[in-house]
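Each of the next two complexes has chain A plus one more chain, namely chain B in the first and chain C in the second.
Our next item is the complex of A and B:
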């Protein structure tokens, strides 16, 4: 955040002679007025964030040190729940599922997006804008709709098994087979998100000076040589950004498996957030404290990753140009 | 760039293939809505319906709960969009243009929520809105999410690019900051407002978990919540479900098509630029 801060281009105070009434007092009076105006302007945001973000966060931290159940008074237990979470195999299993999902979706999504963006870049203006809208289309579809739609396509008699039958395969029971369920959830995950990735990569590609490619072509470099020698190194920052943000988002995945599989079969699609969400609704005693603590532990992990993002994004464009 | 004939053909084939594979799920959803109960998952497989029937679409349009959910969600989404633009734009202007005591602290304060995962505060946010008596009101869907760090940051970046000279001229003429904000900044904010407004609208329209937690009143059921319930209650009526999903997606797809230029360029600005 401090790095972001440094980008605040503070408007310089006007030179004293620009002040009609001149003198320091007028400037001080204006500063006072600006102060009041600024606080009035940020007040709604500050208050809303205080009530609906910071207070709940503080409360989560506070409550995670108590044993809460319907039958007894809350009892202070310190960091006990943190230990329980760390020792819970299901918590770690859900993290493994989350990592597996991220590995399935993030690199695939970026590769697809990079190929698409390189292709769109070669098109004429009109075709390019058509393609941009087309690839972005799934991004406006809701996760609920995508989940229901893909469950429908994954049915035994559904369109995906029909396509497989053309290749003399299947039918595969996609969502009920533990080894296929997570990849089956990953497909709509990629479908929903690759459009945004493509447009970001396209913006990055358009920033690379065209003459780099021209001289490479004169030297006889083929498509893949240009890709690996020019495009990828020059897009390093963008790719890192997409990789890390994609990763944090993927680990937080939750609505798709909630609607498509509710975590099954045998927890094969129970991502960390789904695990936490389902333990909120669990009726066993202390489930509340447990899931609160688990969500905070995940927050620590994600916070660390987010810090890495900002370090990377602001690590300056060492290779640019 | 001039291209040879094989290159043109190759491009055309590729464009067709990509368009087909991206749009296939959506097209399949719409087509399946035209199929009857016995047709929709019939074996042997059939791509198009025997007869294009409107039964599913007319049935879902005649369902008062569906229409109510669409209506309530449109109203909520519009209010949400207006409120979040107001709150975030005010803060964005202050952070872009004003010097004030404690600016650095409040800047970090307003940006930190970008890094707090929703799940870490889901349950305790629920406790807050329940203590405030907001459950089962439209307010619970609108107010808690209105302040958005990302949106404020985006608009602030845009305001940083405004020439300072105009503002100083107005100050010399004795205008207050509020007047400058309203007369100089707001009229030129159409582009970021469209991009961020649509993002807010989409976020509200597509929300699922928060409405499920906070709304039980059938009169306030949100559209995605309606679809979710529909799926668990009548999961096997796929034709009807696909028709409903198609209709529930039309407003967002329509927004994309209308504002395509803004949105597609907006991704570029909101990316890492």
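Our next item is the complex of A and C:
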């Protein structure tokens, strides 16, 4: 009998009208079996998570206390590298770049997606499926291909500067000016991600019962009242999901700035992951440990940001249940 | 239970593959044949062909060792090498730049070649190059070539059309700016030079020497000297070129690539000597219209350094199980029959420079080598004043390159950019404990 079974089987204060001891014992044994089955069923996942997530994470934390060299004995340095990362202005600048990128892309993406989803909802079934395929298409385009495409579009003689020239504006140095570079990288970022967001929001919109809108309309509610009193509150959980995943994904952006600007000009597009990657490429033992510790710190920063979003937007059960 | 069995199976498979993958580098098969891995950084196409040709010849010439050549693109080199080192699968032989020799030795990354190669292999190496591969009196790499990082290329036809004299190229930075201004016409920009922080980090070393006679760190690597006024002149020079619209503001390729000049988008170019090879191979029509000169000096003094002598070596990994065999291959390719390296320099269109006296002798009889006008200018007027690449960590070079970029693109003014760089360099010195570690 397991410890768990014995705890359940020996109640401290049996009530006088308790069922016979044998019945209790049978129930407890059934309970224990259920527990065992449950543990067995989650075991494979726990083992896999242990091997591929928890062990590497614990090992990374352990390794981050060493100056790692592949040719000499690693030197124990305690928490020095955490101090180095926290003191590094370039690390914090990269977090700011990541946050700025997230602020540029996530709310814009959600607004565009919400507008598109509302529009698709009003269409006939055939037109709607055509539109759904159309908006989803950018999501299947490779980020690398999109990056190269946009680099061409941003050239002095590219299509964007050509359109500006029609309005009598000189060529703008999109990717090589510190103040334009990140917004210029954000445009393909929005383009690549709004397809998925639109489909998720559309699913959320279709879930809202039509009679809510009908009764609101009968009561004389206008478009904006319906939007703010019905649509947005009922989409709250979907929006929370999109915000949290959108922010954490946006801060981890990597390929777009790597290919379009290589983090430049003057680090204006060096996102945290790109910064960590570039630190890792340096061949010194210092760089190896520094990039490892910076990744662990980024993990903490991302967790903190998700927490803040959860706090700001309370997740409630939908009114409709 | 079945699922648990599968999980155990998966764990066993992962463990087995990890154990198996640990076996690499200088492995020996049952027949006694040693297999060596050789990573070659991807250079110009003709170089890949040259390496392949001689690796194949070496493999065919004997049956004790098989060299497996792998070409690795430059932009993935560092992370690939580090991952291989972490997995204990670093290549037995690798191309290593002069700048990475001393830092690699400090980590114990390379095998000393003195015990593995005959002494005469190093007596053949030119004296000024020997220092590039020597640390603490031992040789840790065998040099292959040197190439100055910065020379001035200009289009004689456009220069003449602009009313300038192609026979007297600009000597000072001011004259260069005047030329670039006159040559900027329509879609053709006056010149091209590095404008991204990473490119500036290394391509400006020669001009840092030119402006200040030194790099932005003091001799024993204990303090940054980036805030000295002479560096302000350097930043202002780059800033003038960029903000004056004299160079392309959105370059499509990096500093090392001479394509914009080859395609006629610019009238002059600051580029490495290797671009000659690119022009001769890919832009043949441009060769006749091109002249080469030493890059202008801050005050017109032609004896001041304007270029670092970059270049490549072959190194043997300290953990290789076939060090002697690897060194034998290095000897065959770089230190043996001078005809092999002579063939290399011929293929390169004489855009790179020899490091061995015997290879020079082998080329004496070659009329192409002796009559090449580009080679004459570079070997007589640039190489003798060239300096060795710095051996300090790349972070320092990057910090200074970022300062130049910041001033060029108006992120901060010149003194502020230099102050930021100095703080970043001092930070690197402190955290990487560099003070007093400069190789002597």
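What we mean here is this: the second predicted complex is superposed on the first by the 236 of 321 C-alpha atoms of A that agree within 3 Å, B and C clash if a C-alpha of one lies under 4 Å from a C-alpha of the other, contacts with A are read in each partner's own complex, and residues count from 1 in each chain.
Assume a contact is a pair of C-beta atoms (placed from the backbone, for glycine too) under 8 Å apart; a residue touches a chain by one contact, two chains touch by 3 or more.
Note that the structure is predicted; figures quoted are calculated from it, not measured.
Of the two partner chains, neither chain B nor chain C is touched by A:225. When both complexes are overlaid on chain A, the residue A:155 reaches chain B and chain C alike. In the superposed pair of complexes, A:292 makes contact with chain B only, with no contact to chain C. By the touch criterion defined above, A:267 lies against chain C but remains apart from chain B after alignment on the C-alpha atoms of chain A. Applying the stated contact rule after C-alpha superposition, one finds that A:217 touches neither chain B nor chain C.
In the superposed pair of complexes, A:51 makes contact with chain B and with chain C alike.
Once chain A of one complex is fitted onto chain A of the other, the partner contacts of A:280 extend to both chain B and chain C. With both structures placed on the common chain, the touch criterion links A:60 to chain B but leaves chain C unconnected. Residue overlap on chain A between its contacts with chain B in one complex and with chain C in the other: 44, 48, 51, 155, 277, 280, 288. The residues of chain A lying in touch with chain C in their complex are 40, 43-44, 47-48, 51, 69-72, 84, 87-88, 90, 154-156, 173-178, 262, 264-268, 277, 280-288. Listed in rising order, the residues of chain C touching chain A in the complex are 3-4, 6-7, 11, 14, 78-79, 81-82, 85-86, 90, 100, 103-104, 107-109, 195-198, 248-252, 318-319, 393-395, 402, 405-406, 409-411, 424, 427, 431-432.
Interface of chain B with chain A (complex): residues 1, 11, 14-15, 18-19, 22-23, 25-26, 28-29, 32, 41-43, 45, 86-88, 90-91, 93-95, 97-101, 103-104, 106-125, 127-128, 143-147, 149, 152, 160, 164, 167-168, 171-172, 176-178, 181, 202, 205-206, 208-209, 224, 227-228, 231, 238, 241-242, 245, 248-249, 252-253, 255-257, 260-261, 263-264, 267-268, 271-273. Contacts from chain A toward chain B in the complex involve residues 1, 4-5, 8-14, 18, 20, 30-31, 33-35, 37-39, 41-42, 44-46, 48-49, 51-57, 59-60, 63, 116, 119, 122-123, 127, 129-138, 140-146, 148-153, 155, 157-159, 162, 165, 188, 191, 195-196, 199-200, 202-203, 237-238, 241, 252, 254-255, 258-259, 273, 276-277, 280, 288, 291-292, 295-296, 298-299, 302-303, 306, 313.
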